[in-house]
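After this come two complexes, each holding chain A, first together with chain B and then together with chain C.
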Partner chain A sequence: MRIVLLVLILAATPVFADTPRDFLNRYEKEAGAAGNPTRGGQFFVKRHGGEWSCSSCHTENPTVAGRHAKTDKPIKPLAPVANAERFTDTAKVDKWFRRNCNDVLSRECSASEKADLLAFLIGQK
Partner chain B sequence: MSSEKVFVWDLPTRLFHWSLATSFVVAFVTQESEHWRNVHVIAGYVMAGLIAFRLFWGFIGSQHARFADFWPTLENLKTYLGSLLTRHPKHYVGHNPAGALAIFALLGLGVAATGSGWLTYQDIGGHFMEELHEVTANGMLMVVGIHLIGVVVASKLHGENLVRAMITGWKSKT
Partner chain C sequence: MTSTTKHLLVLLSVVAWSLPAQADRYPVPKNPVFDEECASCHLAFPPQMLDANSWRAMMNDLTKHFGTDASLDEKRRVAIADFLNANAGGRKTGVTIDATGKPLLRITQTERFIRKHREVSPAVYQRASIKSPANCTACHANAAAGDYEERGIRIPK
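On to the complex of A and B.
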């Protein structure tokens, strides 16, 4: 009976139980190097050949709300310190990295770019 | 085949069909980029408006546009699909039961996809609503694929050009 209960509790546990640090660890492992917050900050505000940088929508300060560069709709802060929901759901993180990196860089982001970015966002106070 | 012609699809039904197809294609090719977000949203509004019209037209349109004319039952569907394997496939002037099923699926999924898309755009429902939007839109893509195959197969089996019928409104009577 207890085992059944335990299984039920485990099965009911949300799959998005990841933390921002789990994402950082994952990208660092894939990149084979530690994330660099300074490089992540530069990456965030820089344009990469396209019309937009990350900060075009998320602003240069990831602890405040952003604004969609096309629709003008508000976007919740990206830094986990300002928005606890960020970087807690793998499916969501993978999807939005794919979409937004394609918009900003016209390609997917590398693991080391993601590691730098996570180090930068987690380092926000 | 005799050359007698019969009028099947009224103009509003045909305009609806091609406009819906266009709005779906536009929404589909603009899905991945925020650069096209406004166009994607407009395509969604157009699609929702078209579906609202079609639901209305399904009750007051001309004979073959009305839902009562092609309401699919399990029995109809079985008989029709079974007859496709015989030498004399059952022929319908209006929608055949398989096509009818695709239409209701597309209308239902279209309501769900535009509704969940609108809610996502209003920031309601979070990631779940995004997922629902994607699942229903991909469901539409799947039904569209089956529909296209069905059009080719049925055109061959019945010796009629269904695409031309949806453009001109006329079918050859067989």
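On to the complex of A and C.
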């Protein structure tokens, strides 16, 4: 039933300018499952075998500004509620997932990891 | 002395007087792709600070860019490589190669940087307020505008 609902929601989603929810929908569709915000939050702060976690630069609170762990350059908040520019441009989103997943996990992120992360970020108040 | 010679002398002394200041100015030419892609993670380092060989070597390996993945799509990579090539180096930068003849990738390892910073002890760069010799803005507040002049330097505690 949930899958049917999901498919219906996806089918009804217009393909205009990208919104954070469009990205969530896209990753959920690829993963075949709904994003889990709790899992996304754990993924965000955890290290994945490397030196950095997502939160090394973005801080553990995605609604506040971060700093690049190496260069110290300020980074605007990642959560859409705090920064309306986030997750509105496919090329940018793809580029940063490619780079940052490689830095943090030494591989690409899976669709379900991205869905979890989006669910976590969209859920920020 | 003819008046032309006099004018020339005046002109020359004005040039000589302004040289030391000019030497530490590195105006970064405007380039939207360079600004967006390079300056999103760090200061837009002036292209003039490395020679063309160094920039070429750097732009050929962006997936391992000082320990991070800075990869770009090919169109943007080429656009930035061309921009850096066109604005690279110059006489005051010299050739930026190491002792074995390999292109230097770190501005902080170039002969000019080392000479200009010989009064700064390595411990200074370790300060939490500075973090790294590559953090130009920590001491050169107007580095983003290409201003590295002596009078603008303030080394934080």
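Following the convention adopted for this analysis, the second predicted complex is superposed on the first by the 109 of 125 C-alpha atoms of A that agree within 3 Å, B and C clash if a C-alpha of one lies under 4 Å from a C-alpha of the other, contacts with A are read in each partner's own complex, and residues count from 1 in each chain.
The criterion applied here is as follows: a residue touches a chain if its C-beta (ideal position, glycine included) is under 8 Å from a C-beta of that chain, and two chains touch if they have at least 3 such contacts.
This structure is a prediction, so every number in the text was calculated from the model and none was measured.
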Discussion item. Quick check on the superposition: with chain A as the shared anchor, is it clash or fit for chain B versus chain C?
Written reply: clash
Item to complete: Name the contact category of A:Arg99: first (chain B only), second (chain C only), both, or neither.
Response: both
Practice prompt. Name the chain, either chain B or chain C, that contacts more residues of chain A.
Written response: B
Discussion item. If we overlay the two complexes on their shared chain A, which of chain B and chain C does A:Asp22 touch? Say first, second, both or neither.
Written reply: neither
Worksheet, complete the sentence: Superposed model, chain B vs chain C, clash-positive stretch out of 127-135, 145-153 or 163-171 is 127-135
Discussion item. Quick check on the output: what are the common chain A residues between the chain B footprint and the chain C footprint?
Written reply: 68, 70-71, 73, 91, 95, 99-100, 102-103
Worksheet item: Across the complex, what residues on chain A touch chain B?
Response: 51-52, 57, 68-71, 73-74, 89, 91-92, 95, 99-100, 102-103
Practice prompt. Write out the stretch or stretches of chain C touching chain A in their complex.
Written response: 40-43, 63, 66-73, 131-132, 134-135, 138
Worksheet entry | Residue ranges of chain A touching chain C (in the complex, touch as defined) | 68, 70-73, 91, 95, 98-100, 102-103
Worksheet item: Which part of chain B faces chain A closely enough to touch in the complex?
Response: 32-35, 37-38, 41, 121, 123, 127, 130-131
